[in-house]
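Same chain, two partners: subunit A is paired with subunit B first, then with subunit C.
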Partner chain A sequence: MDKIAEVVESSTSQFTAQCYELHQAPPLGSLVKAGAGAVAVYAVVSQVITASVEPGRRAIARGKDEVDETAVYRENPQLLKLLRTDFTALVVGHRQETKLHHYLPPQPARLHSFVYVCEAQELQEFSQRFDCLSLLLAAQPAGLGDELIAAFLRQAAQAHQDHHKFLVAAGKELAVLLNGQTSRLNAILRRMKE
Partner chain B sequence: MPLDLHRLMPQIEVMASKLKTAQEEQRQQLQRALDTLHKCDMAALKRKIATSRTTWLVADPMENPANFYDHVACPSDYCVVAADGSQIDIDRHSLAHCLLINLGAILLSYGSKPDAQLLSQPMLYSEQADLVIADPSAGRQETVQGPLLGLKRTIAECQLLVDLLRGLGNERPALGLLDGSLILWALERQTYETFVREAILDKGLLPSLATTKELSQSRMLALASYISYPGSTEVVNILRVALCPHDPADCDRYCWGKRQLGERPCDEVSGLRDRDLFYRVLKTGQRSALFMSRSSILKYYGEHQICFFYLCLEGEIARIELPIWVAQNKAALELTHSLILEQCRKGQGYPLALSEAHELAVVSGADREQFWQLVQASFVERHLPEQVSAKSYSKRTRWL
Partner chain C sequence: MSLELDQESKRLGVVISGSLSKGIEVKLDSSASVEDMAVGRYVTIEGERRRFFGMITDIGLGVADPQITINPPDFSDPFIAEVMSGIAIYGSLSVMPLLTLSGDETSLLQGPQPVKTVPAHFSVVRTASQRDVELVFGQEGRERFFIGTPLDMETKVCLNLPVFVKRSNGIFGKAGTGKTFLTRLLLIGMLQSASAVNLIFDMHNEYGWAGTSESGHSVKGLKQLFPSKMALFTLDEESAKRRKVSADFVVRIGYDEIEPEDIEILRQTLNLTEASVQAVFELARQFGEESWIEKTIALQPGEASDLLDRLHIHEGTYRNLRRGLQKLQRLSFLVPRTSEKAVQKILSCLDQGTNVVLEFGSYRNDDAAHVLVANLLSRRIYEQYQRRTERALGEGSQSPRPLVITIEEAHKLLNPEVSKQTIFGTIAREMRKYNVTLLIVDQRPSGIDQEVMSQLGTKITCLLDNERDIDSVLAGVSGHNELRSVLAKLETKQQFLIFGHAVPMPAVLRTRDYGSTESYRELGLSGPAELKKKAEQDIEKLWGN
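For the complex of A and B:
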């Protein structure tokens, strides 16, 4: 498993990681883990941002005279060093030694922990239970949680042998969590299938 | 309230209205300057410049001053290297007697293998030997602060640039760029002793120029410095010599004490700057003729005499300075012209490499504050005295 990023800001409920390669953040809803030692923190990618390395500097349009977007980077090689891609991930569980827990860890991910994208087997193991859905539903701003759940479940379904059975089980769990919010539930269910 | 804007505003209004009047006067001066430029008898003018004695600096035209050149196409693969620096001067009110030079540099490769290397190199000087320039034979020394620190920084920038140029492969043409002037004006304006000049020039700038010259003999390599919105008047002063009715011109002999400022024949163009002139002469992308500076400090530059040309960009004229061995190499000169132009296109009007080198070198107010805090913390940790002057304490602590 290759590390893809490093934690640069961390709290109990989320962390931000800087990608080693520009524009190479994991897709929205991916399950990632920070740390590969005795304690690993699991989180779902909730926000990806690419911007200047320095907070006071903004990227400007550079492609007016270029034929395609790759030419912008070819003609401005400094961009690869002056831009950074960060992603924020909401913490949904942790592993202590060999035991997997679907609740927040006692300590946040350590700064400079390496971040890995969970492979199919680990994603399949983590998504055996749906405890993380309530954490994701509460994500801010409003509406983000619904998108995250749909994205996370779509990817998790690919890790399970019977995709359909997995999505039905997840839908049932959501129906309980969103009791009385039929239209919201339906909107998430539609996005899970697409 | 530190600045009373209500009382200041009428003064700003007066200044603006005076500038408006001066614009018309400048327009007439400019026309006179252009007429003079286009009527120059090159051989006679060069002879007159060489024999004249003026109280202002006159450039030596290396060709007809009215000449101008379009740029050639950039090579497909090339490198641009730039270095810049900033400093924290010795603060005599502070606890630590030290100075800091922060260098920033960037190496940009364009073409088939685009790449960028960024470098930031802070250097703290606190040893007595680093804080002074000494003349061991006579026991004299000069403290490195103020303009002398600026000179030390320029040398460090140039050395870093040369180190980076030396590390380049031979296969691509390359341009080394510095910000500001290659002519160390501070050495000319300040009354430093010989040992200071020797330390700055003979052991500082000139060896770097010599190394670059040597490198340029085995590969396509140019070195230049870039001055944005230059205030120089050396080319306009050529026209002042041309307008002077005396041959040779001699300011002290013919005008000093005899004519008021504004009444001399050369005052017909004396309010202009070179950039005003070339803004009318050149089209965007074109460069001017080559000139050689006649600054008195250049008599110590030996084979590295400094030449310059003006370059017309969108909305501004820049002055490009280069050693004579670059100016006399047609391919290197054309490379300098076209690559600086391309860098300005990429950098929104200012060479991108210099702009990024500056970003890597700059020491902001917050950095400065943090630096002194780190110094203080380090002193506290070692139980060293951390006393600061009352004035410094007063400036940092504001009370009512």
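For the complex of A and C:
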């Protein structure tokens, strides 16, 4: 398993990690893991930002005379050092020794922990239970949670042998959580299966 | 086999609410389709300490959030439909718990017990397995007669015959719903087990010899099936001959056998006034009980007015009575004197354990004949039974063999106006004291005196759709409302609801097959070819050696 990023800001409910490679953030809704020792914090990628390394200094347009995007980077190799890609992930569980817990860890992920993208087997193990859905539903800003859930479940379904059965079970869990919010439930269900 | 096991233990849902009096509400799992359910089916409920056995009495649809009914989700999408079912929308069952099947010592010894509590919240509900049904209704045997199968099973549901004949019973249902078939089956059961002897007033000539099924084909009557155990009596020899029925005895009733009480019961049928009935008693006293009818009709005008003055009978009353008696005279089975009394003949048959069917022949629609004959014969027979039972009590000897009298169109004999006077009212009320009980067959149970209805031990009812009839049959039964919905949803043919003493719990059943060669064989009866062969063997045995 290769590390892809490093935690640069951490709190109990979420952390931000900076990617080692520009534009190489994991997809929205991916399950990532911070730390690989005795305690690992699991989180779902909720936001990806690529911006200037220096806060307050915005990137400027450079491609007026270039044929395509790759030429911009080729002509300005310093860009790879001046720009960074960060992503924020919402904490949804943790592993202590070998035991997997679907609730927030006692301590947030440590700064400079390495971040890994969970592989199919780990994703399948984590998504046996749907406890994380209620945490994701509460994500801010409004509407983000719905997108996250749909993206997370789409990816998790791929890790399960019977995609359809997994999605139906998840849908039923959502139907219970979103009792009384039929239109919101419908919107998520439609996005889940696409 | 594995499929069968799966079906047997199919989980339906969980208990969500309810009470003992109103029944239990069950939320169906999404895997159980509401369309596969049916009222009248059996379910078991796995409580914490005991198992409950119940019947589905109603089926409904529920939603977790009323909003969904206003903005329904896109159910054309199979995924959304699958997710929603069982969670946001669900099917529900109303189940009436009827028995408990706990595993403790008492219930192992005494079998299923009446239910006195309800299962805990979220107890799992499953379809009842064949074994459960067998445990509840017992296995077919000499005393247990197989009458039908549950709607979706092949398990044999049995009736406890000795318990059945101990009390009067009723078979009800609209015309053409299978009352006659059921009655025939029950009579066969009683005949085979010899749990009672039967006297059948066969109003429509359906039991003794061949009857017809709804589809038009002919089915065998009791005399054909049990030639040695049945005696066929008829009121109308001509009709019997036309139908090629060989009757064992032609019933004739002498005027001397008709008592004033018999006329009293015929008041409505003969259109007599109250005063005419009083006059009957006066005239009977005057002429003697043996010949009053003949003498009354034969009165000459001059002679009549003197007598009527003396007895204080009004001229109009006499005319009314005379008209009534003349109507009776038209019944050809009534004769001035008979050499052989039908009552004695019937009694001697019954004493030998031979069952008697009395066919009415062409008097099938004659109310006067029906009421007069049934009542007159039954009263004499009942009196004999009463005497014998009392003697048996006094001497400590064996009481007479239980007698079951089957009457059709029972509302004519047991309506509230005459039930106090007819012998049938007395038999129904006094029940088994004298070993005589009734099997009432009727299509308008609401026409029968409630007092009589309340005394019936076991009630069997095919489809009824008149409110008053349904109320009348179900009056006083626990779970009245639930059974009501079951009763009104019965199919028009071959389905019936049975409840009362002879079964441990109410049951909706499909009537056992009757009429096919196979069904006769299952009933342990021989076909004509086999009978002939047996007869030949008997002859050979008799003469051969």
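By definition in this document, the second predicted complex is superposed on the first by the 194 of 194 C-alpha atoms of A that agree within 3 Å, B and C clash if a C-alpha of one lies under 4 Å from a C-alpha of the other, contacts with A are read in each partner's own complex, and residues count from 1 in each chain.
The rule we apply is simple: contacts are C-beta pairs under 8 Å (C-beta built on N, C-alpha and C of every residue); 3 or more make two chains touch, one makes a residue touch a chain.
These numbers come from a predicted model, not from an experiment.
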Room on subunit A for both subunit B and subunit C (clash or fit): fit
Touching partner for A:Lys193 - first (subunit B), second (subunit C), both, neither: second
Which superposed partner A:Asp162 touches (first subunit B, second subunit C, both, neither): neither
Partner chain in contact with A:Glu21 - subunit B first, subunit C second, else both or neither: neither
Partner chain in contact with A:Lys81 - subunit B first, subunit C second, else both or neither: first
Touching partner for A:Val176 - first (subunit B), second (subunit C), both, neither: second
Shortest CA-CA distance in Å separating subunit B from subunit C in the superposed model: 51
Where subunit A meets both subunit C and subunit B, residue numbers: none
Residues of subunit A touching subunit C in the complex: 164, 167-168, 171-172, 174-176, 179-180, 182-183, 185-186, 189-190, 193
Subunit A-touching residues of subunit C, taken from the complex the two chains share: 30, 64-65, 67-68, 71, 73-74, 77, 79-80, 82-84, 86-88
In the complex, subunit B residues that touch subunit A: 106, 108-110, 114-118, 346, 348, 352, 356, 359
Residue ranges of subunit A in contact with subunit B within the complex: 54, 57, 60, 62, 73-82
